[in-house]
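Can you keep this structure in mind? I'll have questions shortly.
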């Protein structure tokens, strides 16, 4: 029986800025450039979550799409959408909210939340059309 | 010599609905929601077929693109385009035409049809911009 | 004070086929080609609704976007999504559900439903990326 | 001689939130919903600027594209990109930075800045793929 | 009866470069920059042709789409696709093949070729995602 | 610590044609079709470069994006953009500039140019929306 990889996309809008308190102001400006502006700037992020597994013979589903959507909304979209990542999301009190760290944070929020036969395979986060970060792994 | 993965995209429009005769009407409605409407609804599907292999030194091709296009048209697009998947496509007499099962059906239709050095690597089917299924495998 | 044109996009999936009972079977096949298949085929339609008006000084809105979304959902998306246009939508009992007629039908469903200062300016319907129909007019 | 309309696209990322100090907190929440979060959220905005005019016979240009790009960068992109619209852009000290008001502000920043035969015809601002505002007018 | 605007998209690939023999080499380099390279460079052009008219009651069409596609292919795509605009297309023996002049040339190739009730309304040519030219007019 | 895959996109425009001097004129026409036109034709190519590695705790980066952009510009975009691949790029004096060979050429130009912890993982080249080639791994 073939394994199928199923990917669902969702979007959220958020603000962020890049600043490391251990860096001097000059280092912050040099390393983070325009992204160091403490007022923050924002993006329309696109999230793609991929699960994989066998296809259920009764439903034809690797995973119920409504359930996947509900998990993505509850664990990620409702938490991050229309938020300022630095000020309102616990992961980014200590970490820089780069696309890389955002992909890891979303992976961890989703990990272990899927029921049934499907497993989390990949989290891909687009900051914009020209930049995306991906995390893979086994639950 | 490097292996190259070559992907070609094609589109088709089709109708489908989700219904399992072993389920009660209530189960069908609960599990399949709006997709259970027996009149069917439809999608502009996007198919991406990836082949891989070494590059032919004379032509610069992993595979002749015209040949790949002809195979995709003959085995998949001409069969599925402007069709009702449930009523007109043999695979879906018995199976629910979910994106997952559609990806498997297309894989099987293409498998073994490539000539020469290239091998079928991946079939990806988008039901819409927000949902896609992928099947990988060895011929 | 400048007039602003505000456009909101939404998507729906539907089935249709083209058949005119006044045509002979040969005429139907010749004129409508693959679209004449009575099982129907389907599309992911994209709807763009444009309203225009002055900007409200208190809200900065031409029209409340949530209200526009609710009207679009209630009058169009909830009616057409996951439906077979020929069998389930009254406008298409008598008319061929071409992209042209679909744009007119959506215009008529939205016309007169907007409150306040904004007026319906344009309805644009994409059947797919390569084809769209537009209707303009005054309420 | 035919008039040609020439459109150039550019992108910028910015933060904003919606708040009217004349409204009560309850009104602000009701009218602006999630957009009222004072930390702000953000978007990848897409700007399309359309100029129109006759085609210069020597150059084949309605307007030198490098000059148009320079004007768009100097007057708009360099000003708005990686900024918080409410806190850093003068127009939005008093006005709500809705897509509508942003389109008007960009129109005013560009108006009168074009040299030669081309005239500013339209400013279109996408907040995301599903929403855009347009302003037209004569300089 | 409402007028409907119907738009069909098509694509072609072509090479071009910008050079005016009346300019000095320095002028050509200054005015045309990288586009002055006489070897040429190329683009995937996207063409959108819009026709308008009343909807035929029997067919539901403003214009038969197959006929529109055939005209676009015969008059434009078959002529320009996989060609070097400067060397192989008569209009550009004397004119610079800018996006502006290309839109005018395509307009003139299509003008008067439509049969029946539909009229040519707009030709839009994208050189890439960030740049397009439009020509409007009455036949 | 999780490995993150970071992808950055860039675009360039170039001309090319397909011709193998070892083939007869008939073979060249049969094998390469329209692509055999010696004047060349062109494309807007899209390049996606993926690097992978651990996330630097201080910066939150797998790799400094400005550095990645600079390397992509210096090694690839500045070399290929607005060029005729056959006549101006050394790799294609001897090789057919197919999408496959272009992906390999770009891989080789980027290989070994990244500093620090990130490694080159994948080069993906789109000739247009419907066709792309990918190269992975360490040679």
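Should a chain be cited, it is by its letter among A, B, C, D, E and F, assigned in written order, with residues numbered from 1 in that chain.
Everything that follows uses one rule, which is that a contact is a pair of C-beta atoms (placed from the backbone, for glycine too) under 8 Å apart; a residue touches a chain by one contact, two chains touch by 3 or more.
Bear in mind that the values here come from a model prediction, so they are computed numbers and not experimental data.
Using the mean of the Cα atoms as each chain's centre, the chain most removed from chain E is A. Copies chain D and chain F of the same sequence differ in orientation by 180 degrees, per CA superposition (steps of 5). Of all chains, the one whose CA centroid is most distant from that of chain D is B.
Separating the CA-averaged centres of chain B and chain F is a span of 28 Å. Chain B and chain E have centres, each the mean of its CA atoms, that are 34 Å apart.
The multi-chain contact residues of chain F, meaning those touching 2 or more other chains, are 129. The set of touching chain pairs reads A-B, A-D, A-F, B-C, B-F, C-D, C-E, D-E, E-F, using the touch definition from the header. Interface residues of chain C facing chain D in the complex, by the touch rule stated above, are 2-10, 55, 58-62, 64-66. The touching residues of chain A, counted against chain D in their complex, run 11, 13-16, 34-35, 37, 39-44, 81-84, 87-88, 128-129.
Note for the complex: chain C touches chain E at residues 18, 20, 22-23, 31-33, 95-101, 103-104, 107, 129-137.
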